[in-house]
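Here come two complexes built around chain A, the first alongside chain B, the second alongside chain C.
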Partner chain A sequence: MDFTAILGAWIAVGLTLFILSFLYRDNPLFKIAENLYIGIAIGYIFSITIYNVWIPKIYQPVSNRVFTSLSNWVPWVSKFVTPAGDAGSLTPLFPAIIGISLLTRIFPKISWISRYGFAFIVGYGAGLAIPATVATMFIAQIEGTIQPVFKLASGGAIDLSGPALWTSFSAILLCLGVIVTLFYFFFSLEHGKISKKVTKIGIYFLMVYFGAAFGTTVMGRFALLYGRFFDLYTYRTSGYYHATPILILLVLIFFFVYFGKSRKTSP
Partner chain B sequence: MIFKKKLPLIVCFIVGILTLLQYYVPNKVSIGYLETMTQWDIIISAFAFLLGLASLFAMHYDKIRRKTQGWGYSLFMFGGVILGLTCGIISKANQTNQEGFITAFGWIYNYVLNPLQGTMFALLAFYVVSASFRAFRVKSGQAFILFLAAVIILFGRVPLGQLIWSKFMSWLPFGISEAIEWIMNFPSTAARRGIMIGIALGAVAMSLKIIFGIEKQYLGGKE
Partner chain C sequence: MNLNAAAEILFLDEFSAADMPYDAGEEALLKWKTSPLDSAQATYQVFASTMQTGGWIKVDEFSADKKFASDIKLPFWAWKARKDLHAVAIPLETHFGKLEKNKEYFFKIISIKGRQKFESEIVSTQVKRNWFNFARLNNLVFVLVIFGIFIWTVSHAKRKGLFIRRIAGLDAIDEAIGRATEMGRPIYYITGIGSMSSISTIASTFILGEVAGKVAQYDSYVKVPHYNPIVMTVCKEVVRQAYLQAGRPDSYREDMNFFVSSDQFSYAASVDGMITREKPAACFLIGHFMAESLLLAEVGATVGAIQIAGTDSEHQLPFFFTTCDYTLIGEELYAAGAYLSKEPMLLSTLRLQDYGKFFVIVAVVIGIALMTLSVQYKWDLTDKILENIFKTY
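Take a look at the complex of A and B:
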């Protein structure tokens, strides 16, 4: 077995156990893993940002443009530096300057400069959100709700056989469900006796949705847990020098020592 | 005043309106505008990441400097950043090299980041289950519906639940998979659509408020 894989298995098992140790009580092992997680995640995203944004979208086009211009003016520069790729462009400097303006937020006296960067990001996001939201979350949802009912109405004679009847019932239920749910969130008018009953039906639909969402979330979390347990199971073998049982034992020893000590010191 | 408050609002208005209009006026210029602005947004967001990083580093550095309780853990945060960044730079942010072998960056992802992230989110499974004991107290018809939907989804997706259904509910004309599919596609979708339409209306209203300078919380500060 490759040494890096064995080392990786020991680290993966150790960190998994450190985090699972929180189930018993907050402890130093969990805090170490928690802080390490934040650090590693930042380092990972930072690396991706450097190699996917800063180098290809800012450094390369700008440096190419600078070197190309320099070699036109001062020909001997091209003997030492050969720009990679095309002639480049200085345009990325504009968003880079706007981006740098964000960093002035750190210094209170000039923090107002950062407003330009935020104004750009927020304005662009807002402008982009309106058509995207209207198309996908509004029109497409209404279309998806009405279309099945519309198909029923335009189909001529209504088929009352088992499966077709069930499909029709489901389509009408979907349409009514959307209406009563929207009615529940409609606060522009005071709810009267009848509308209160309608909103109550809306709550039932919402409860089904919340229940289904809860079930799906729990299943997702447990799928992750199975993945972690599968790794612990895999790394128990002699090929990995029994990483799982040895580390479980070490964590348990640490717990006995640490919590035994704190029990003695507490009044 | 103009440079500190009004000009940023004007920038927001112009960028917002142009971005909004380009969708409804599709031509060469508007497509070019969107492509350029998308690239600009990516570049500016990369600097926004730096701002977050600076804020986090300042907080942890302050903790270490003042030696407040648990300051030692902040060293692990800095250690993690250095480790992740070093591996990323060595491997040029590639998880595998040209020969298909795993790089230091891929190793960090497989053996450190993935287990940490997976376990951290899996930990929530235990708390969600304990929370469900409180949430599933069937005190009303609505609570019963919530309970029923969750139980069908939870048990229907594991072999034990499918076995129980086939043993005791086989008299029904549909299986548990069909029941789950129907719940997800019809009553659950109906409520989800109702919520989504509400969110869409709210998002459009908020976006318009931002573009027209009514909502200006994002500017921050008092001036």
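Take a look at the complex of A and C:
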């Protein structure tokens, strides 16, 4: 087997065990995995930002534009530099300047510049969020709830077949659920005897939903756990030089030594 | 010039091309009048090119009894849903890649019926980005009405005050901070993994201001680990301002807010480690959360911290219910800033939210009644109006 595959298996098993060791208690192995994880994540995001954002979206269009303009004014420039891609544009400079302005916070004397950048980002964020929220959390919810209570059969009479009645029941239940749940979230209304009962039904609806969501998500998480265990199971074989059993043994030995020592030193 | 003038031939009457209205300059719209000869046996083939003389690409093909102006998904106030007009939206980017500004695109249609083939004249158009999406007029009207009611509720709240019902999770904030002060342990305030464009993150920064103000008063200590650097900087300003308002600028420290990681699970792993080692007396998990919610809340519960959570990510709420002492559900989170500050301006937003909910209830009840009646009595127009008003385009 390829050496890199074996090395990858040992690293994967090791880090999985280090992270899982947190289930017992905090320990140096978990700290190693934790710091490694953060370091790798930051490095990865940094490189993604450089290669997927800065270079293609800012550097290339701006440099292309600059070199193209320069070539028009000073023809010999084109002998040395050939811009890759189209003629480019200076427009990306605007968001780039806003982004760079945030870095001025490092220097207290000019940190006020960053406020313009933040004002733009917060204002832009709110401006983007408000219409999207009105559309998706207000209008779309009403749209989804408004359904006819019954349907007509082919003859023009009300359809009383089993599936049609079930659809009618669902529509009524949905409408009732929406109304009583919304009622729970009335803040400026004092809850009297009747409204308290309505609110309670609203809470039941919420709890049924949360229970269903909990079950679904837990199933999803178990799928992830099975994935990890499957890897541990796969890497136990001689092809991977028994990575799983050897590393489990080493982690256990470390635990006995480390926690045995700390038990002796603790008063 | 129309080349297809024979009587039994599907010729294209008033064939025209135009920019697709209200879009971001991605589509061209082709229109022509329907013909009595339109049937399932006849076919229209649509061709597009960047040149008038050649390079034709087939961009669509459909039977002649399909694709009318009434099939274009635009509301009645922005589009005439005619049945006597064929209308086809051509997504140019799909066929020609990135579109150039002021570029002319050419179109022709070949109609086929049996063995006969007839080619239309060539028409052309440019596509452009539209400043206004008239189809979203309903959104604008809703926003303006909301704004109008907001102005009214603000003036009403200033004059007469507003009643706000008790929200248990928010009343517990004092208890949590008091406990941390007594135990001499820090408070962790986690804003989640949302950006500043997330409503729950904006609500979370409001609550952080109130929490930080109380922390400053009690002379306790708050730590705010961040996932998003922009949110971190906004939170720094919020906490600094809270300490200033509480009259304790000397107690404020820059490292109260600190960046951890922009990767979801490494952020969770790191914050879990910090919580385990520092054993905070209280944890606030307020903002936008995804799969890391349980990882964070579980560890907080393990170290015995009093935990107050709040999010509008409904899939994460069950996890907070099981691990936290108090949980703010969706709307309660939005209400928290106003509830804690008691400012008339913010309180009036709660009244506004209630009006919004009341409107939804009324709209749903009336809408369902009208829809049901329209099914029974075949009120197609009512059906269509309702469908268009409560639709996001």
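FYI, the second predicted complex is superposed on the first by the 249 of 267 C-alpha atoms of A that agree within 3 Å, B and C clash if a C-alpha of one lies under 4 Å from a C-alpha of the other, contacts with A are read in each partner's own complex, and residues count from 1 in each chain.
Rule of thumb we're sticking to: contacts are C-beta pairs under 8 Å (C-beta built on N, C-alpha and C of every residue); 3 or more make two chains touch, one makes a residue touch a chain.
Please read all numbers here as calculations on a predicted model, not as lab measurements.
Visitor: Is A:Leu29 contacted by the first partner chain B, the second partner chain C, both or neither?
Guide: Touch partners of A:Leu29: none, neither chain B nor chain C.
Visitor: In the overlaid three-chain picture, which partner chain does A:His191 touch, first (chain B) or second (chain C), both, or neither?
Guide: Only chain C is touched by A:His191; chain B is not.
Visitor: Figure out whether A:Leu206 sits in contact with chain B (first) or chain C (second), or with both, or with neither.
Guide: Both partners, chain B and chain C.
Visitor: For A:Thr217, using the defined touch cut-off, is the partner it touches chain B, chain C, both, or neither? Pick first, second, both or neither.
Guide: In the superposed model, A:Thr217 contacts both chain B and chain C.
Visitor: In the superposed model, which partner reaches more residues of chain A, chain B or chain C?
Guide: B
Visitor: After the superposition on A, what does A:Gly8 contact: first (chain B), second (chain C), both or neither?
Guide: First partner only, chain B.
Visitor: Scan A:Asp231 for contacts with chain B and chain C and give back first, second, both or neither.
Guide: first
Visitor: Between chain B (first) and chain C (second), which does A:Tyr44 come into contact with in this model arrangement: first, second, both, or neither?
Guide: After superposing on A, A:Tyr44 lies in contact with both chain B and chain C.
Visitor: Between chain B and chain C, whom does A:Ala243 touch in the aligned arrangement: first, second, both, or neither?
Guide: neither
Visitor: Check the residue A:Ala96 against both partner chains and state whether it touches chain B (first), chain C (second), both, or neither.
Guide: Once the two structures are laid over each other on A, A:Ala96 reaches chain B alone.
Visitor: Taking the two structures together, which residues of chain A meet both chain B and chain C?
Guide: 19, 22, 31, 33-34, 37-38, 40-42, 44-45, 102, 105, 114, 118, 121-122, 124-126, 128-131, 133-134, 138, 141-142, 145, 175, 178, 182, 185, 206, 209-211, 213-214, 216-217, 221.
Visitor: For a test of understanding, state which residues of chain C touch chain A in their complex under the given definition.
Guide: Chain C reaches chain A through residues 136, 138-139, 142-143, 146, 162-165, 167, 195-199, 202, 229-230, 233-234, 237, 260-263, 265-267, 269-270, 272-273, 276-277, 291, 294, 314-315, 317-319, 321-322, 329-332, 335, 339, 350-351, 353-354, 356-357, 360-361, 363-365, 367-368, 371-372, 374-376, 386-387, 390-392.
Visitor: Provide the residue numbers of chain A that touch chain C in the complex, in ascending order.
Guide: Residue list for chain A touching chain C: 19, 22, 25-26, 30-31, 33-34, 37-38, 40-42, 44-45, 102, 105, 114, 118, 121-122, 124-126, 128-131, 133-136, 138-143, 145-152, 158, 171, 175, 178-179, 182-183, 185-191, 206, 209-211, 213-214, 216-217, 221.
Visitor: Mind pulling up the chain B residues that touch chain A in the complex?
Guide: Contacts found on chain B: 3-5, 7-9, 11-20, 23-24, 36-37, 39-51, 53-56, 58, 70, 73-74, 76-89, 92-93, 102, 105, 107-126, 128-129, 132, 135, 141-143, 145-154, 157, 182-201, 203-204, 206-208, 210-211, 218-221, 223.
Visitor: Quick one: which bits of chain A touch chain B in the complex? Just the residue numbers, please.
Guide: Residues 4, 7-9, 11-13, 15-16, 19-20, 22-23, 28, 31-54, 57-58, 91-92, 94-96, 98-100, 102-103, 105-106, 111-112, 114-131, 133-134, 137-138, 141-142, 144-145, 170, 173-178, 180-182, 184-185, 202-219, 221-222, 224-225, 227-228, 231 of chain A touch chain B in their complex.
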